[in-house]
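Take a look at the structure below.
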């Protein structure tokens, strides 16, 4: 079975597993007070050119998002996000479990727009009612988004401007940041310039697990680690997180992983387009959303794994194909070959 | 200044104030263990013909709703509601502060529809993702709704059916239940038959304060009072709540208040219609939502108070007019007279 | 039945009930935006000589304490209190329900001592472990305490000094502040000088309900009202709270109530001492804790109500006698007379 | 530097690292729906002879404890624990952050006693006050305890009996269960017989990370996974947890690790006793708490790492020495040799 189900189906990139073996008996200091974590932080700070950025490596995306909500917001403050945002739909209400409301805005192609924020913050929606409404305080975006799209630098700058207008924090979920850095014009430097905080995803980019939260805004740094610990986010063996990011941030491994993911996706996309396949959304990143006939899918099911996203009509289904650091070109080609056969066979 | 701003601008119905004077030195047992509370509960149980209904009288609507969420739901369970629902927009995220997500559904005229619930519970929205999504568990409705409309008995029966299909609780916010009982075909008996829990509003129906939560579903009764206390909802002088509901539930006072509110509103509505006024929503209850010219409103501002709800266009504004137990017919007529003058004056 | 059970067994002081009648149809602005609340705040600010103090009048003690914890603390910050403190034992874990731990310290006669704070903050208890422990951030005291004792000005100054040393907030629960102001050397001026926030109790001092939270520390004022609303603490008819404190703070009513409570308690205490009665704690305020023989109590049970506090041994029980604004001297004397008879009768 | 600081200073047992390498490209199903997790669960169920036990493998101890509190308790329910319990002192208030109070009881040698529970549940402490107090609902114990002691089977049976008397759940933190299974008379079978839920610790017993929560009581199983996900406890690559426990539960690896830890500790303890060293607590497990002269410690500091626990007096310090699966006998002997030299040198 060849899988395009997701980008986190393998254990980890071999460089990371090797590092685990090599460092096994080092005897590191617990709770992220170790040298690997310090080196990972330095490597990240260097890439973003922010020497005082606070780096906290947590275990997973839901955990990182909930701890950020918990640490960055006062109880009456809310998060603006689109309905497809991970926090709104696929985290079992983790943000709400910390007491904060998510204000869902319409969005466009999985992205928050300036107009969305204007409407959520405008007097017609909350200000006239004063304390009876939650106070919008943070905008949650994802890069790449959950539907595979990416923000451009200009879009991010526009969001920053509107966030400043309404005194909002801009927070970016970078679960798939490796792919985004490769296929958008937004660099890590600009992430750090324009966001108050963001995380560099590990789980979906070759790590066993781990997400590196980068806090830029000074007012958000204070005593963050207490809250990370309180919510179960501090690993006793914190150096395991640091070590993985030390590897990912060295020798351009993170960049190479993003590039490979996207190259495989581009190859796949090109082939799909040549076969006349439509997409539910046009995505430049490592997630593709083609629409296939059910009769064709029935034939491919035994050889290939993918996720069903939506029922288009009685004959067609929208699926998701994801490429990862481990995706092989021959597997992409085999998929396209078999798809072609089944389409012509119809 | 004559006010149509809301139905809670006066202290309380004179019968309630008199009862406070008369009982002042009785020396009642604290924390709702008193005889007035017991009598109020008995009167309510009799009206709904449910001898084992649990009655807990709390202080305000937001408090009642948040304590219900807190007591009735497990942490991963969510509430389905329309965006105009009080819990979604005017309680500063009180429900989310207890850790529970509100799933906003489209609704129709301020009311949750069966189709809304189907969509929120259908496989396309949460079931396929299993534990990654919150679990819908309670439907929140208001009778009257926040936009002045009411559910019919048939609509409530249909909601009950769909709630049973998806194992959902049906909870009704009765902040304006007196008006609803008078202008809909839903009686208290049917409220108790069709809802798992609902509250009989006091604050907006002549009480100083206080909302009587009626719990019908046995599985929701257990140790409710602990949670009410924990969230600040048990008044030391709980008999003050019981006493007020004893008065409201006696001599048809609650029914008479609802009737008076609606008669005043009908009188007002009839006059507005005669003047050719449009409404943003057609409501049969004690809240009316007419659209008036700004030039006319400018003239009425000094004599009459009301709430601005929406900017229709550059020349017109949607306002809200509310009648209460204390609204006088002569005031309604004066408003209509002055409005007529200003309209003709244009 | 003559009751010494507590100081909140009557509805309210007649001046308050009269004010409710007189103002009934005024038509006040909702959510504490009214003139009575403004006047109450001004009267309190004048008494404490702090023109910029923030005054928020909430409904009950548990609610006030939980909203203060919620608004004043970040998630990892904890409250230091004695085990007899109201928040530790009689609020159903309301503070913990907002996510904050109470660090219980030994105390002395119901009071937090400087030594307690030193131990709770010293390196041996939390600092060496860094983020693994909660961070003590607020000291909770009560004046009078739950066992009827009071802090002296010197004791409060010493607590202030140690709070400053460890960067702690000092918060005082003033549920029985009227009695304390009369029987201690601490004035309202000094409360405001030495505490970061405290509340002036209404419920136990002649109000129907209501506690006036006084926030002195500027850093605690910001957007407090949002959090009060979110936790169900904003009454729609907020002027009912303001009106009651306007009355209590005028014409020395609050001071007179405290004086009467204490005079009745002193009279009672003097009589008990003359009868050779021991006390579990020596209290100068309106709560007395005498130890009586069970055989004597059995005789008094039908005429007098009180609370049982502790089983001393097989023959004796510790009880609590409380006096209120409504306690009559003749009732105190009748109790002492009947007690004397039963003691001599033994 | 030879370290006795803790039992989680190495990455993982070599068998686990090897398994990670071997399974790297298997392509497992996400969110613990994989075969390794299923096999780990089966192995645990077989060891405890409970075929319907629910097994959920979470990432760390604090996370496991907080998710258990969150899933097992209603909002007003509290946990009984000793002050040295991990949840009371070293989890930054994680349990309280879920809204639940920890009722601290005195305990004996780090263990909860039946007398403790009686006092916490007896009428004098909460029942007479009814809903004003939290309701004790779960007893938290650790095996081994945080001070290295262990419960005997008889002690556990006695706790079970008293828990049944008061309708309490018995929950055991097994962070160091491998050591406990080797040095106490309590087997895994009895853990499952006597506890409602417990966890088998991985982090401190050779795993990279991971704790296997075993839920025995049927009423606690329902929809647990939603809450685990909501609190950030479901790893996308959940099979990494399953795989590690599959290894630990096979070939008696877990038992062998416990045995080795204890053998090293016994060797160390014997040597310390021969040198006339006192202990702050007498522990049979892999944590030892000797009292050493400061002058001696100053000499050993450069070669050996340990944790300082308490200042005994001006000349002596209580330290903690911990042995792990990776502790070498020669290192134990070197420590004893050097200690002996320094003691005789004095």
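Which chain is which? They are A, B, C and D, in the order written, and residues in each are numbered from 1.
Assume a residue touches a chain if its C-beta (ideal position, glycine included) is under 8 Å from a C-beta of that chain, and two chains touch if they have at least 3 such contacts.
Keep in mind the model is a prediction, meaning the values are calculated, not measured.
Which of these, A-D, A-B or B-D, makes the same contacts as A-C in over half of the contact pairs?
Selected from A-D, A-B or B-D as the counterpart of A-C: B-D.
Could you see whether B-C or B-D has the larger number of C-beta contact pairs?
Higher C-beta contact count between the two pairs: B-C.
Just how far, in Å, is the C-alpha centre of chain C from the one of chain B?
34
If you average the CA atoms of chain C and of chain D, how many Å lie between those two points?
41
Cα centroid separation between chain B and chain D, in whole Å?
50
Chain A: which residues touch two or more other chains?
Each of 75-76, 91-93, 97, 99, 131-132, 134, 226-227, 229-230, 234 in chain A touches at least two other chains.
Going by the contact rule at the top, pick out the chain C residues touching chain A in the complex.
31, 70-71, 74-76, 99, 131-132, 134-135, 223, 225-230, 234
Sort out for me which residues of chain D touch chain A in the complex.
1, 3, 5-6, 8-12, 14, 17, 20-21, 23-28, 30, 59-63, 66-67, 91-94, 97, 203-204, 208-209, 226-227, 229-237, 240, 326
Can you list the chain D residues touching chain C in their complex?
75-76, 78, 89-93, 96-102, 104, 124, 128-129, 131-134, 308, 310-311
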